[in-house]
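Next, two complexes with chain A in common: one pairs it with chain B, the other with chain C.
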Partner chain A sequence: MSKRSALAGFKVNFENFLFVLPAVAIFAVFYIYPFYEIFNLSLHEWNGISLTKQFIGFDNFRELFQDAVWWFSMKNALYITFIALTFQNVLAFALAMACDREIRLKGFYRMIFFIPPVLSEIVVGLIWSWILNAGQQGGEPIGLLNFALDRFGFPNLVHNWLSDPKTALTCIAVVHSWKGFGWGFVIFLAGFQTIDRQLYEAAKVDGAGFWDSFWNVTIPMMLPVIMVVIILTILGSMQAFVLILSMVGQGLVYHTEVPVTRILFAMTGSSRFGYACTMGVTFGGILIVVSYFLNLMSKRMKQA
Partner chain B sequence: MNLTLPNRYQVIRGVKTSLTHLFLLTVAATCLFPLFWMVRSSLMSNQTIFTDKSLVPAQMYFHNYVTAWTQGNFGIYFLNSVIYTVSVVVGIVLVSSLAAYAFSRLQFWGKNAFFYMFIAAMMIPLPGSFVPLTVLMNKLHLVNTRLGYILCMINVGLSLSILLFKTFFDKIPSDLEDSARIDGCSKLGIWWHVALPLARPAIAVVVIFNALNVWNEYILATLLLSDKALMPLQRGLMVFQGSHSVDYPVLMAGLTIAAAPIIIVYLFMQDQIVKGALRERSSITEFL
Partner chain C sequence: MKRTIALVLSICLVMVVGCAQRTGDLNKIVIWHWMTDRDTAFQELARRYEQQTGVKVVFELYAPSDVYSHKIVASAQAKILPDIFGILHKKHIVAEFIKSGVVADLTTDFNADGKAWRNSLFPRALAVNQFEADNPYGVAPGIYGVPIDVTNIQMLYNKALLAKAGVTEPPQTYEEFLDVAQALYRVGIEGFVSGWGELWMVECFASNYAFNIMGEDKVMATHRGEVPYTDPDWIAVFDLFKRLVDHHALIEGVVTKANKYAEQDFALERAAFAFNGSWCVNVYHEMNPELDYGVMLPPRVNMDRPMRIWGGAGSSFVVNDLSLRKDKAIAFLKWLTAKEQQVFLAEKTKNLPANRTALSSIPQVLADFAAAMDDTTHPSVWPLNEDPQVVEVFDKGLQSIIIGEKTPAQVAAEVQKAKAARMQKQQKRSQM
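Entry: the complex of A and B
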């Protein structure tokens, strides 16, 4: 190759690279650098203000491993995820199945079910904490739920829903499911539409009843979609935290803590930036491992 | 007219359909009722809200919206949300379509490496990334500035938008671009005059998806903006809710102000929104 064409090649290369430069520049500053910094800070003790950061190796990780509150917060996130996986996804699946037939108002239902997912977690959390409000005014409950329970003959069920450690997390998980089931619904509905109707006809000809064709046609055909929804539910529910802030307030509320609120409070509350990053790295690692194995499983299923 | 009684098969099918509708309608009502309750509560007075539990209050106080807009600061928060949403969306459309065009059509060294870097970022969950980001913004003196928040939010939407644009460009034939090139149009000119107008459906999805995302964002707005004059709605709602004695009717008016634009846009564009949402979710898992 002559010198001249090499130079021209370089020029074209550079010109073309300029197209991606703005994106790469923003990405380098606001993603790559913080990505590096979260690993770096996780090995330091730093209060966020002082000019020197103390390098402490893996001490933060050792501390985290023995941090009872951290593992408790992990348990809370698992509980929310469990409710989302069962209650929310079964509901979404049932609704999608009900809509996947010649049924009137199908478009109307889809429109309504996807309203909660487009609302912000702040709006959803504040509306529901108003409905679940436990205050009293002149002996009458303020919150709608307590009022209704009192009025319709269940005064003994009137409850401090969001302050009682026994019910707070369940309330959050249910509201989280209320906000999230529309996602599962639209994904399942799209999945149902790819199933060949002839499979059901064939099953019917073979004398299969509803449950036979449900277990032998619907479930096997939907497995890849089900796995996608499971992975998305786990990733989304384990990291949900804004809804918790908006439902129980921004203070430290031990019984509703999840890993991400621990990270947030380690930074804003106790000014331990290094430890906050250690939590982030550890939690991110756990999520990657879990989703990797689930994905491996779903690929196996596809081949089988 | 057929006056014979419906046969057993028809009765069973009718009952089944009714039960299905009952089920679907119950869930639909559960979706809508909290929103109805929000609007209803926003029309009560400060006294009646605690005592009156009727579905439609006897007297409606529309003045709560004026109070929320002015004294509650929601007018400023609303304006800020509009500013952030518009600037971030415009920024993302320009930056990501430019990059995606190059990833789809042009050749340069390290092209695949750069592309997979963006895709990898989309799949790697990084909880707590707001910690180093806050540190960085402090260092750059971009805390409490509109620019800082806008740049951060552009970055958040970049990966998925690049992917959406690239898959779109990959699918459309390059005939028009070829003839534009023969006519002597520059590469940048082809992107602006030919590729971008063709990509209108992709632009629609990118705009809607990112607009929802920015309008509803809370955590970065909290960590980066402490000046009330710069806060968007979601942040403002939490400030209002955190004040010592919460004025519930005004808070509910504020919630309605924050939720109404989203719901209205959703009702008009629900097809694109649901499609965009599906595309977003499927692209997160498809590369794992």
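Entry: the complex of A and C
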């Protein structure tokens, strides 16, 4: 009898396994195997073409930990992320809050604010590099920003925005935030619409003003959404590179380098595919650790 | 029984269809290219070739060039390269393609019929596609690519803008060039533009002057590690860029300027000088047909040495050694580089033809570019190239001089430090 029940149990498990097998197979082929290959390649010196690869163990990882340019590029990515977390998300939050109210042209604003995220990053980079162009023709600036500054009485502010190390990365970070705030706006707006209006009415009855309601109702209720937006912002901003390529090409010395541009250079510039994979594995690992801790923080905040 | 017959017939049908497709494919050559300005001309030539020979030629465009490069590498790894393609990498990577067995050796074809095909093309263009005996890449000596046009990179000058600054003749020396730049600056004209946001262009400019100041032998000795980058001659090369800045010679934003925007600046007369390749003739013609400009070699620092400019093959194609249509592919490339087709390409695209006999039909400004082909050199023909990681430090160092962040001496020290580190690593790897 026990053998029959064991067999029946195995049969049920096997049938269940067969149902998930296609998904597991796809996951294994497109996620697990490529990750294994990338990690394997990171232990080799390989130029991407030759039939043989030289096994070098963890030499690439040792080199990466001493690579000052790599860690400088991480710092640049963190700067872009910081601007996105502050400027981008505060703007998205404020605009979502405004659009959640009953205001005129609410639908129009919602549409307008979602246009930047759906534009191609290359196109956005090209347009902004034209706006920030420092060139001149006939003594007059040709970049839109410099032209406007010159025309409206601020010629002292005319600047070489993308070729000055003090401003290049900030310009890129601001454009990145301009392009990305629409996503945060949509997620925050969805979050606002899940807040029960009765909570605000109850707070009003208790004598709460705008700021009291904001800190005691809006923020606690929006906390899970805020954490999601923060995680997505960090993951997206740390991996930014398309905008950098279209705005400053191969970069302004190392001031506009980010981890992905370093990976690209390792692959296409110095043809060191193994080293590029090392960078990819390390970068991926860092992002996983960051996401894990943010998730943990989010769970603890929910419990509190 | 009926099912068995049906199954056998189905299998036979599949095999017949499969074989028919294979036979049809043998009359079709597929070529992958990246040249957006030439696609229309290529399609027309493909049509003509099919009319003449019955062989269908399919040109597939994958642009821009860096996307094309990635596609070629990925396709080589997957062994799905087309019959004819281009390799837009440095020579050591071309060597790897050859050693992987995906690039055909064309030496026999070039030397056939008393070297007729070989002699029709510019030697410098062939040299870029050639590996000599005892090359450091471990490749059997031979010619592995077919140049379809030639190019070189020189300076251009806008005659009208120079005249506004009271300059009647283009400068002959670097000192004169700096004086002209100051004269232009005084009348509010920007001096010099180039696509130095693309690091290879600033490297090219520096390389020209390195050869002029110290000669090819010393440059190669530096690549071998025998001469440090802190040598006074190298510091003199770095100092040229500082002097350009000090004399207000450079257009604003030059360090992050892609070449296509630099071309726009020169074509729209925002700068009096440009540093660009012969492909710019077509570009300038499209943007501003009235532009009145001339071509000159970069003005020398050292009058005792020649100015060696980068040039040779502009674009080259290689033949897939694994292709079943290899012979047809080679025949097509021979046809493509014949005089009639080269004249057609030169007229349509305003690029310099690879065939020397096609030079008579080109515009004067292109002829001026062609006149300097004997002054050309190229990293692909050097006995040894610098390590790419050292080149990056070198190029970024030049950028930092231009933006005033570092001095020539500081950059020289950094490049030498990178060089020493790479040489140590290479020595360690070779011992593993």
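Basically, the second predicted complex is superposed on the first by the 267 of 304 C-alpha atoms of A that agree within 3 Å, B and C clash if a C-alpha of one lies under 4 Å from a C-alpha of the other, contacts with A are read in each partner's own complex, and residues count from 1 in each chain.
Here, a contact is a pair of C-beta atoms (placed from the backbone, for glycine too) under 8 Å apart; a residue touches a chain by one contact, two chains touch by 3 or more.
All figures in this text were calculated on a predicted structure; none of them were measured in a lab.
Chemist: Should the superposition on chain A be reported as showing a clash between chain B and chain C, or a fit?
Modeler: They clash.
Chemist: Kindly classify A:Tyr254 by the partners it touches after superposition: chain B alone (first), chain C alone (second), both, or neither?
Modeler: second
Chemist: Looking at A:Leu235, would you say it contacts chain B, chain C, both, or neither? Reply first, second, both or neither.
Modeler: First partner only, chain B.
Chemist: Which holds for A:Leu51: it touches chain B only (first), chain C only (second), both, or neither?
Modeler: A:Leu51 contacts chain C only, not chain B.
Chemist: Let me test your reading of the model: by the given contact rule, A:Leu157 touches which partner, first (chain B), second (chain C), both or neither?
Modeler: Neither partner.
Chemist: Name the contact category of A:Gln137: first (chain B only), second (chain C only), both, or neither.
Modeler: It touches chain B and chain C both.
Chemist: Which holds for A:Gly269: it touches chain B only (first), chain C only (second), both, or neither?
Modeler: In the superposition, A:Gly269 contacts chain C only.
Chemist: Tell me which partner A:Ala8 touches in the superposition: chain B (first), chain C (second), both or neither.
Modeler: Neither partner.
Chemist: Using the superposition described at the top, determine whether chain B or chain C touches more residues of chain A.
Modeler: In the superposed model, B touches more residues of chain A.
Chemist: What part of chain A is shared between its chain B contacts and its chain C contacts?
Modeler: Overlap of chain B and chain C footprints on chain A: residues 48, 135, 137-138, 142, 249-250, 268.
Chemist: For the complex, which residues does chain B have touching chain A?
Modeler: Per the touch definition, chain B meets chain A at residues 17, 20-21, 23-24, 27-28, 30-32, 34-35, 37-38, 41, 50-51, 53, 94-96, 98-99, 101-103, 106-109, 114, 117-118, 121, 124-136, 151-152, 154-155, 158, 162, 187, 191, 212, 215-216, 218-219, 223, 234, 237-238, 241-242, 248, 251-252, 255, 258-259, 262-263, 266-267, 270, 273-274, 277-278, 281-282, 284-285, 288.
Chemist: Show me the residue ranges of chain A that touch chain C in the complex, using the header's touch definition.
Modeler: So the residues of chain A touching chain C come out as 45, 47-51, 54, 56, 63, 133-139, 142, 160, 162-165, 168, 247-254, 265, 268-271.
Chemist: Which of the residues in chain C come into contact with chain A in the complex?
Modeler: My answer: residues 66, 69-70, 73, 76-77, 89-90, 92-93, 96-97, 99-100, 188, 190, 197-199, 251-258, 265, 268-270, 387-389, 392, 396, 399-400, 403, 405, 425, 429, 432.
Chemist: Which residues of chain A touch chain B in the complex?
Modeler: Against chain B, chain A makes touches at 12-17, 19-20, 22-24, 26-27, 29-31, 33-35, 37-38, 41, 48, 91, 94-95, 98-99, 101, 103-105, 108-124, 126-128, 130-131, 135, 137-138, 140, 142, 144, 147, 151, 178, 182-183, 186-187, 190, 228, 231-232, 235, 239, 242, 245-246, 249-250, 259-260, 263-264, 267-268, 273, 276-277, 279-281, 283-284, 287-288, 291-292, 295.
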